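We just call them A, B, C, D, E and F in the order they show up, numbering each chain from 1.
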Amino acid sequence: MKAQIKVEIITNRLERREVVRLLDRFEIKGYTFVDNAKGRGNRGEQDGAGLTGSFTNAYFIIICEREDFQRIKEPMRELLTEIGGVCFVSEGEWLMH
Amino acid sequence: MDLSIFLDNLSNPAILFFFLGVFAVAIRSDLNIPSPISKFLSYYLLFCIGLHGGEELAHNGLTAEMFRVLGLAIILSLVVPIYTYFILKRRLNAYDAGAIAATYGSISAVTFITAVNFLQGQEASFDGYMVAAMALMEAPAIIVGLVLINLSQPKTNGTRRRRAMQHALKEAATNGSVVLILGSVVIGALASDKHLQAIEPFTGEIFKGMLVFFLLDMGLLAAKRMGALRKQGIFLLGFSILVPLLNAALVIGVCSLLHISQGNTLLLTVLGASASYIAVPAAMRITVPKANAGLYVSMSLAMTFPFNIIVGIPLYYYVIQLLMP
Amino acid sequence: MDLSIFLDNLSNPAILFFFLGVFAVAIRSDLNIPSPISKFLSYYLLFCIGLHGGEELAHNGLTAEMFRVLGLAIILSLVVPIYTYFILKRRLNAYDAGAIAATYGSISAVTFITAVNFLQGQEASFDGYMVAAMALMEAPAIIVGLVLINLSQPKTNGTRRRRAMQHALKEAATNGSVVLILGSVVIGALASDKHLQAIEPFTGEIFKGMLVFFLLDMGLLAAKRMGALRKQGIFLLGFSILVPLLNAALVIGVCSLLHISQGNTLLLTVLGASASYIAVPAAMRITVPKANAGLYVSMSLAMTFPFNIIVGIPLYYYVIQLLMP
Amino acid sequence: MKAQIKVEIITNRLERREVVRLLDRFEIKGYTFVDNAKGRGNRGEQDGAGLTGSFTNAYFIIICEREDFQRIKEPMRELLTEIGGVCFVSEGEWLMH
Amino acid sequence: MDLSIFLDNLSNPAILFFFLGVFAVAIRSDLNIPSPISKFLSYYLLFCIGLHGGEELAHNGLTAEMFRVLGLAIILSLVVPIYTYFILKRRLNAYDAGAIAATYGSISAVTFITAVNFLQGQEASFDGYMVAAMALMEAPAIIVGLVLINLSQPKTNGTRRRRAMQHALKEAATNGSVVLILGSVVIGALASDKHLQAIEPFTGEIFKGMLVFFLLDMGLLAAKRMGALRKQGIFLLGFSILVPLLNAALVIGVCSLLHISQGNTLLLTVLGASASYIAVPAAMRITVPKANAGLYVSMSLAMTFPFNIIVGIPLYYYVIQLLMP
Amino acid sequence: MKAQIKVEIITNRLERREVVRLLDRFEIKGYTFVDNAKGRGNRGEQDGAGLTGSFTNAYFIIICEREDFQRIKEPMRELLTEIGGVCFVSEGEWLMH
């Protein structure tokens, strides 16, 4: 087992490419997301209704070293200020294989 | 005034299922079309209408009326967002004003298809290039809306502004429904008649039924957005009915001067009067995330769309028949 | 006894695809219809059957037989849950007994549609109001089931009980499939013939094929629930076959006394004999979360449904033809 | 970064409105959920099969202050006793923007 | 050389929509068919083609040519993976070599259906048992691929190897599309003509349109995999074009010796030349997780599939017509 | 509230039965998963494209005692070595009901 952190990001579905681009830029290799999340935040309700995914969220999970997060922290903050959403960080252990 | 045209519209299951969708949301039913199905149905409608438009375009060739209509369509999609922007700017911030202006400058494919369906019910003719007109009108208003928003901003770095515009242009031009409708028109024009006939049962025969089913879904979607409308002031509610009427009057006037046929006039009127809730929201969410999507989507989907399909289409057609004998 | 009617049923691709679905689950195949498609297909079937029912209703007007049938339908949906509740109460707790009673008092639209398909294969006629009968029978049993559960509870606060009942009533009446079927009947009755004919390729021509495809899905769903049945005792397995037979006998008897036509009798029989796996589970999960959904859904979907479509429908029709010349 | 807690709730999909109503009642503004989760618990397997979502779960994520959770804790417990499901609370940091 | 056959193929909306899908990905459009719809469409195509194949099989009975064709089909699906494995082994590890060999030994149902569509356009006849040939060719290559991978491993525990093979056999035989196509053939043979005719609007009339729509989706899927191809060397790119051509030459040669009809020869050629991207990836991901799925799926979907439907089918048919007058 | 751990597993969708089988073997009663996750890891991008779910991930959440995890730890490591994916463990509290 190895201590790692988990970064969770929730933002609009249409912005998922932006998030991936940011991860790419900082060479974060691994991530997972679901792109049919619904929810509510400062920008109102995202109820999944509509024909374009405009009202749907993507929920990202990124397991990485704390240093990795330090690198993406500021650009991520900027991105989320622009596009809305939340970023939550917690600790845990990774079962290496 | 002869009401039969309105009553006939109300006896159309497409309109009735729209009401059923609204009713279901009103009584808090869990009736709900899964979103992959919504998307399939809306792509299917664009696919069919595009193929038929392209096919007719290839048969009839290029005509003078066609160029008049396409020119008019593009002018319309540039003028509407500009004039509405300045109306909106009196009450709203630049982001919301620009986004709503783009919404009303662009078009609603489903309203257009409903109007086509209406014309077929009236046994009135129209031309295949109207589909091209529709396709051409989807994107320009988005660009205009963004230019207006940008102009309203304190001078920012030139490169940055250019980047934002390129981004917007890209979003507008590569939107899935724009690509599908334009692609289908081109394919309809290129494909051989033999092959197009072979797929007619799919693209033609079951089309109207699929439209009816889809309007049930539209009713559900529109009604879900009606809640958000209650919080909006009378200004925006008024806007979402009066601007379509104004645009319709404008189009009907110009078309009657240019001697455009009744069917084509109705369709162009509907394009002018309708507001986007597919291409524009998808582009605006990304290029102007600061605009309130709840605002522009609600107005177009929960007010303008129902108004057009229930009252607007027969009303416009009634006026067109009066003015253009 | 003439077996041809059973063999003919077994040569129906609808039934054969049901078997294929069961087979696929048995060999642990990953054949699997995505749930948005299942939902679309089931809504599509209700949409079509509702429209056709409404259309015929409007053409034929109100008849005495219609009132007899509708009355019978409602009585049936009140009586069945009551008598079955008391049978079930001997072995089960009140929650499960009430939920299963509601399940068997309500109806299965797909069984009904399969019976309609069967009648059309037999070139037998039936009336459009049978669809209304089906729609009317969906909800009442849910209310009865809840009343029975409530009565079995130690005296609770009156207001609270009333609230629970209102909640249940709301769930039962606003269930998506109930709203869609009733709405489609109304629209079928209101819409003009011209418009209904225009959508006939969608609502009529491809209907049977969609039904066949849907029964593949039903086979998959039913077989997935069959596993849960193994854990259930012989009592519930017997119940899920014998109660449909009993209800069928009851309905056939009453109908022959009331001189109801063969086609209508078959459909009413099937309504009596079938059990719900859409409206009831959706309402019960919310209003009686303590009832074991694995129980009532398995019984109706994995036992009663296959029994009815494979054996029941031809059997009931055989008996009806014997008794009502 | 701000210390916050994450509340995760898993319950039947048909009950998602109840959960949202409870959050509304206690003025919890932000939440996210996916409504196509499957799983197994005390009430048997939820395999997503069926035509109604009766056998599907909703998975909620709520990032909030610990005090917010204290307020909803008891009503949430009551609700889950009624409708079934799990509620799990963990700690982390929120990237403010 | 007469190019009309190629041009006719390019005027087929099915091919044109494939191009549209590729184009949409190239311009980074968000055009995207939700995966439940993809799955539904691909199941629908198998369902229809299976039913029609089974129906014809039942009508025409067992013929000598049928046994020749089926024998050839099975031999093909055993020979192709073996010879390609040894070619691949020179450059790749055993896992990837075995997985790609299985991919090219198995078949692509959509390519087959496109070829059927092409033959119908050419008004050329073929036999219903070709569908059975297709169904029979899906699985054997998977087993062969796995045997080859296993043989290449240092001697492992015998029981363990047997277990792995059983696992693979199970995956190959219970794959959803294999079960659906075989099941549909059987049902098509068993079901009564009356019932099959009743579902013809669904299984026949709208079939070609659904295929066209599905090919749009295939274009999107193929183009998404084209990116991965860029990283691959010229060896694998060459393989994905040359092996189909080689297989095609082989099949055409043998068929002309055995005097198999033109239509059947084309279909068997296409089966030989096509590569799997449904049954094989699903089985390989589970049984050989160490093989690089990006490799074999990209080759079959992004190179071989487009090559076959755009160039291959008309080319093979052109050669067949030259050689088999 | 009761201290518990949360085990998160992300692996190919087609392997979800294997994961459930392993949980069954060690009598872990409760779990939740979504089967439409996308992502990227050592085995390349899983973009959800395709007709079979071969390029889609399943995301599991298992709330259990730490001892439960100790039991499944080694077999899970072996399984993930075979089929790919990640397993992440974190701490929290379970709202009992």
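Here is the rule we go by: contacts are C-beta pairs under 8 Å (C-beta built on N, C-alpha and C of every residue); 3 or more make two chains touch, one makes a residue touch a chain.
On a predicted model such as this, the values are computed, not experimentally measured, just so you know.
Relative to the C-alpha centre of chain C, the farthest chain centre belongs to A.
The pairing of chain A with chain D is characterised as different-residue: of all residue numbers used at this interface, under half are used by both copies. Each chain's centre was taken as the mean of its CA atoms, and the one lying most distant from chain F is B. Look at where the CA atoms of chain C average out and do the same for chain E: the two points lie 41 Å apart. Put simply, the C-alpha centre of chain A and that of chain B have 34 angstrom between them.
With centres taken as mean Cα positions, chain E sits 45 Å from chain D. In chain C, the residues that reach two or more other chains under the touch definition are 34-37, 39, 201, 205-206, 282. The residues of chain A that reach two or more other chains are 34, 36, 90-91, listed in rising order.
Interface residues of chain A facing chain D in the complex, by the touch rule stated above, are 8, 10, 34, 36-42, 57, 59, 73, 76-78, 80-81, 86-91.
The part of chain B that touches chain A in the complex is made up of residues 35, 38-39, 42, 220-221, 224-225, 228, 277-278, 281-282, 285-286, 289, 292-294, 297, 301.
The touching residues of chain E, counted against chain C in their complex, run 34-37, 39-40, 43-44, 47, 51, 170, 173-177, 179-180, 183-184, 187-188, 190-192, 194-196, 198-203, 205-206, 282.
Residues 12, 14-15, 43-45, 47-56, 82-84 of chain F are the ones touching chain E in the complex. Against chain D, in their complex, chain F makes its touches with residues 1, 4, 6, 29-36, 61, 63, 90-97.
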